[in-house]
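Both complexes below contain chain A, partnered by chain B and then by chain C.
What follows is the complex of A and B.
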């Protein structure tokens, strides 16, 4: 049982008025302090590489996107915002999306597509503003999703840096016991790189 | 002008007098309504600054046109009358809350004799009547009808409770307010507000202000006027966490706005009254012979300080509990006001009125 000891009030505290005057002086002083509101449209948002905005398809230096329409991002998307129709192409990669739509009204900016992508094709940009007059206009197709790699440089480097943290590192200890019989090659860097993180 | 006067069967002087009254009254009425409009902006701005925010700053420079935008919005919003509401009373209540506040402004003297175009037009007051304070208190008390009728007519529990609380509170605090004012009246020997100002103004020094002679009465009037205008920390009529919005829960659009015009007008009247009773009205310290426009400016300045105090207190103090409100009203304010009146009376009996040789 907790016994809360009430503080004995002094005479000036019980008279209300001196305490009220003290409170008034505090609010008066605070009136002139710096305002903490950010005036949004005039003051732009602070964007760093950690900012997780709308997903974009990165255009490589040769003008093509890296997507091979594997459908992993489509499967990972918790909001079912991504729709992909795959097709064949004459490029060495052989596959590319014929249609890659992201419904921006459904997208929750979770970044799962970025994590799922095995080809480093989709990244979260720092674009957060989204407005139009119709719902259809906010379903972005490939052309609208394309962003040159130069514009996404910071985010791509950040994601790569995060991924490098575990790519060549020792495996999580939980898995060691279960995989112990194959331990001989499980610890090689090549094998660790193929295994997804914490699966 | 004299030809026109002859046509309507008046002398030129009578017509001139009539026109002067019309102009003066129009200016004062428009003035009090714009004070209400400006106060809504001041309220929002000051509250924002005290909370490290900017406040409204989108409409016009620094948001100065916000009251105008609000007014346009209120006019175009839909008036919703709840099911089962007593429609006649429901429509009447906002007017009953706002009109008394505007009527009481009639006896407030804003400035000394106005001299314009080489003619003395008399003091800047709508009605320079001898029972000024009596009239002000009597009409001012009527505004409680607006609040309780709004609560009753809305057919809503919250509104009804808000109205009930407002009436109980206003009746409790009116008593100590009147007793506090009486002490000043006893010292000035008049209930004409203009004469009360002049009793403080003749010496031209701050020492003549009633505030130095009656600090307790000034404080009591201040607290009572918070309660009378339903402002924090006594705003039980519209106590948000308990009663949604109190008596005006079911009101919308311009009807809702009229309640607030009434509230802010009442604030302006109570501030003016306090300035007149305790801070020398239009008198300027060390300038006993200042022209009327300077006196008018001084009066406005003093009243603005008082109005700022209303806003300042609202955004500083938390709300009392209802039983605390009643306890302060009956067990602290009333005895203090009585003792103050008794002491003033004793002083006057034994030492004579102040200023007398």
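What follows is the complex of A and C.
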């Protein structure tokens, strides 16, 4: 059990009126300062390319989605929101999703699916609003997830720019066979530092 | 036996077995593609190279699958030299291997993927494009070949030569254009084609039936026993998200099936995936079979047994030893004998594994004292008896669905099966789990025990046969006292 000791109030605090005046002075001062409250939803959110909204499947120029149902987004999803069933297709990619469901009520908008995708098929849109009358209606299937690439262009370009930061990095040194320094383990940073880049 | 040193540890090794077997036998992992304990060794992939030192000579890198242990050999699988050799080897294998992992069915259980993560390098140095080959080359009804992914380990070629002893595949063409091909482009034949998809260390040979069905890391896998014939091959049942069985694969068992299984067993999962299951119970009233609770169903069976003290007890050959013992005990207490349906040979018998006998637990049930009976004789016997209880998975199907449907209504029939029977004689039917939804033991033709495992839960309203039998038994006891 915890005994809380009440603080003895001073005379001005016991008088009540001075404290009221002090409190209201803050209220009146704030009335004339710049307002920072956003009047959502009348005033829409400011969305930038960094905004991570709900994931969407990008429809490429040929009218198809690039997804091959590899299941990496499904595996990366920390909220288990994605369910994919694959199937065969006559398109050159051989494999396409027959079912691609994202439970938007489970999705936490983390963007791991976008990061995991090896085919640049899924990107985070700037759509954030989500409301419907049933839970089932918020499990989005392929048709509901499709968005034309034009509508997602800003995000796609942003993600590609971020990824290119790594893509343009110098290739890791090759340490194969007789090139490897004797006695050192090839994976060690010390061994890597000794070697000039092979290209 | 000779004494060798593997990674600084002195171990005993059989000089007649390759060095790689000795390493694997002592929990030392040696990456390999072409070597398989069930096939001859060719040393073509060069992946299992390890550093071997003998006497005073400096250590040399040798293929562990074609080197045999000798007294005093010092083997190092983790030395810099062996790692470097394996990396070089992988670089060549990956030179023409497509970056197909997102669409490849093998991804997640692929040796090339695993060993590349373990040993290899993340980027390639080759500037030349990979050579294009055929991506969807059909090799008969079971197998599809992706020529680009093949690393030419020749396990599949040797499998057909050495296990079914009928060569069907070969390495055709030369150099980087070498491909696996059948003779004169004939489709593959035989009942053991599926094994080459398991043998293939990469995703070159895949099953048509499993193509793009599931990502392997989403499959729940459990050890079980094949229900196809009385051989009872050890298998692994693989279920996608607690729903459908997607794959049966052989499990190594030296006493029964070694590493193989037949295609009829491999693809025999239509029955366990069937959607028209019998749940709870069906009890006949004035209008036909009406859905009822399990308790009502058991009460109806009880009433049937009370009315007919000479009711026949017929088990399914899919009943486990445990279920068979319960049926036998119940029959004994009632003073009757229990039978089990035992259809005759189905003509699929071969020299390798298939016994042609469609009863997976024939030996187990026979040893318990249940008497096997042919479907034809059973139909006659059922028609002449007043009441009968059929127990277990697929019992109606194996006894002959048509024969059961044709039974006169003078025979009162109680059925415990996975599917609702379509028979006028049936007065009560209660659902039971399939062989992937229950646990137990089958005994194969040679007396080997085969455990069956509950890989997925039975549908709601389906209880194990053992629980139904216990409920019947308890009421029998209560009625006597």
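The rule we apply is simple: the second predicted complex is superposed on the first by the 141 of 199 C-alpha atoms of A that agree within 3 Å, B and C clash if a C-alpha of one lies under 4 Å from a C-alpha of the other, contacts with A are read in each partner's own complex, and residues count from 1 in each chain.
Throughout what follows, a residue touches a chain if its C-beta (ideal position, glycine included) is under 8 Å from a C-beta of that chain, and two chains touch if they have at least 3 such contacts.
Predicted model, so just to flag it, every value in this text is computed and none were measured.
Residue contacts after overlaying the shared chain place A:75 against chain C, while chain B stays out of touching range. Contact with chain B, but none with chain C, is seen for A:31 once the two complexes are overlaid on the shared chain.
Which of chain B and chain C touches more residues of chain A is settled by the count: it is C. Contacts of A:54 after superposition on the shared chain: neither chain B nor chain C is touched. Applying the stated contact rule after C-alpha superposition, one finds that A:20 touches chain B and leaves chain C untouched. Within the superposed three-chain model, A:39 lies in touch with chain B and out of touch with chain C [touch as defined at top].
Common to the chain B and chain C contact sets on chain A is no residue at all. Contact residues on chain C toward chain A in their complex (touch as defined above): 80, 83-85, 87-88, 91, 101-103, 107, 121-123, 125, 135-136, 211-215, 217-218, 241. Residues of chain A touching chain B in their complex: 20, 23-24, 26-28, 30-37, 39. On the side of chain A, the complex with chain C involves touching residues 68-72, 74-75, 83, 86-88, 93-95, 118-119, 171-172, 174-178, 180, 182-186, 198-199.
Against chain A, the residues of chain B that register as touching in their complex are 46, 49-50, 52-54, 312-313, 315-317.
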